[in-house]
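A, B and C are the chain letters, set down in written order, and residue numbers restart from 1 in every chain.
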């Protein structure tokens, strides 16, 4: 038969029809040990090499961002005049900028900000989105329709534009609030820019999560085991805690995980435009935009933060995909 | 009948969304501390005159109603700071035509490259071509647009000296176009691949083959047609991405487009310009979403919207 | 068994469950503002004595499942009354009755929470009522229930997906027994199972009934299954009860044309008997419950239908010795 390059037929050979070896049947009987949902998911995840490599990179990045700055002899705002404008060397593996600040330490701080933004935003989205979505899904009827219309409207808003506008509006009042209220003193170091990003996430980005949670709840609500629990006398609180949440938690975690790279993306974008974190704080986005002026003579200053941000997003994307496949095999594409 | 009802519902929803955005941006702008003339080296008196001239001393709700009224007439007010005295709608029209030229090219490039790569990957699943395309598209969707722009600058302009850095020189549009098209092209390739793989497993394709249809007919007439349906839904976010991606690409490459204007309005607090551009962009994206949803509904009658 | 069409008739002392003129309508949207009532259960009355079984048969879509669920208030009834041990359950908190009135579901796959272990599924009713604060007692009770339904003790911590349909149905039965009920709705408990398993489950249900003095409402679409287990059998068509009689009487002497058709569609193992039997073929399809025929719901498929059938709905009347049927042509 002539091989057709577009052929999608399975190549079938006679070997496919030989009986299976005996050991295949011998093992089938003994596999009775109980496997819980999480353990099974972890086994699926472990089998996914790409996701495990991505997880490894994420762990390395976390160490780089949170432990790295402690080991470095420089601080992110320290200006060593004599070392200004150095190319990568032993003393400064990523080089220095024109003020003599060590780019590696600044990259570590930038990575830390990216990771914090990613995790905190994903948590905000997870909490607000699942509460809102489960209320809408459980209530049903007119309440549900009304709540989902609000979601539809927020969903159709181009969020990047509103982020920019909202960020500008709340930055300054936030600064004064933090400065004047002793209780918020701790927040000063984070900076109003980051808090503004979190607030915007809390206001806008949860809608996707809310839709997914509502869909899940609606689907679960009609399952017979929920009716069965009701027939046992199970009340709403117990129903959510014991039956509904455990059955959609996998998908929630996976969706929240994929929220992390998108949040990191947004932060880098805003910082690049100069409306994210404020100087002298370093973000991977602002590091690149600072370096862009001298790109013809000092391309290395652009390269390290650019590679880092791409690596962070790439590993979270790949790990998120793997996690989704592992936690919810039904969603696998 | 049902489709018509759906269309009416979607149009109404889009109108409400737009109204919400207009209202929200207006009041947010008003909440913003300071006024656009703070930076001017003007006496208190002059500032008062300017504020009176632009009606900023009136109560907020009167300003709001007046803005709405003017907006319906297509008048978005005049720029306070950036190009003092010029109508916002004129500035938008002028700079958007620049953005659109690059945007349309990027859109075309993204769709062409994305679909072709996605089809190759989908039809040659797990072969070398598929693996290469998957690796590159995964990396492509993980790079923020400013990273792509920087890499292009370093490689194509600085090291190889192939293309000019400035937009104004000939060929200056190539790098902004690639910057804009990269993410959507990679995303589309992944989407197309997944969609083709799903369609290829359907029973009706097996039936076509069993009927003796040639592989060409099966793939190009039946499989592609149906696997492209989900791709349509991505066209709206794609447009949105190319628009907002313009912020970065236009700033990096100094393109006198709407995105760059938006960035510079923010730093100079040009209220009317920020509002005008936000509303314009939002309207554009909402209308694109609307068109895509309706198209999708018509093309794929299986889809049910609750 | 006493059947009370007139809701006033005196209920005997040993009647456990009585249903009077039960109605369940669903609103179905047909247009933007229009909606139509879907009459899933329409004016159904019967009663069951303690320790006995009432079988309900009918084609799919006739409202038998809705009937079972409405009796347990898993669906709120639109009208009528349900009395448990002489007391209406409609005006009290249903949770007071949940431990006495239970259900076994049709689908052994969908009705077990996939994230719970067997012990948690069976123990749920006890946990909700905090019946056994002592962990060891709870465990003993669950193991006892598992033994009762024929489940091996080592399955205690397993998950439902590890079991076959028959075993899952046993879990479902153990669960319904956990709170110590006296009335159980068996909603097609065997129709999702292999024929070889069906008999095991039915026999088990019968044994349990004898042992624990249980009262069943046994729903099935298969007359043969119902015949085996039920003392009385009711036949439903489009939400209406069309015939109700003692099991033996109904099979020997079906009065309603629909029952006659159903019975003649049961395959008989003896070929001689099969050939000699007069068969009445069931023609046509069940009409949409959204637009049922006027008058008698069965008239568009009935060989005896005439003008009177189109005009008024026949009522369920006693034809003597407790055999009830709803037909103008008796």
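Just so we're on the same page, a residue touches a chain if its C-beta (ideal position, glycine included) is under 8 Å from a C-beta of that chain, and two chains touch if they have at least 3 such contacts.
Model, not experiment: these values are computed from the prediction.
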{"item": "Maximum inter-chain contact count - chain pair", "value": "A-B"}
{"item": "Per-chain Cα centre nearest the global Cα centre, belonging to chain", "value": "A"}
{"item": "Between chain A and chain C, centroid-to-centroid distance (C-alpha), Å", "value": "50"}
{"item": "Centre-of-Cα separation between chain B and chain A, whole angstrom", "value": "23"}
{"item": "Distance between the centres, which are taken as Cα means, of chain C and chain B, whole angstrom", "value": "58"}
{"item": "Sites on chain A touched by chain C in the complex", "value": "32, 34, 36-37, 223-225, 227-235, 238, 242-243, 246-247"}
{"item": "Of all residues in chain B, those that touch chain A in their complex", "value": "13-14, 16-17, 20-21, 24-25, 28-29, 31-33, 123, 138-139, 141-147, 150-151, 153-154, 158, 194, 197-198, 200, 209, 215-216, 218-219, 240, 243-244, 247-248, 251-252, 262-263, 266-267, 274, 278, 281-282, 285-286, 289"}
{"item": "Residues on chain C engaged by chain A in the complex (per definition of touch)", "value": "69, 72, 74, 95, 98-99, 102-103, 105-107, 110-116, 124-125, 128-129, 157-159, 162, 172, 175-176, 178-179"}
{"item": "Chain B contact footprint on chain A (complex, rising order)", "value": "4, 6-9, 149, 152-153, 156-158, 160-162, 164-166, 168-169, 172-173, 261, 265, 268-269, 272-275, 285, 288-289, 292, 295-296, 299, 302-303, 306, 309-311, 313-314, 317-318, 333"}
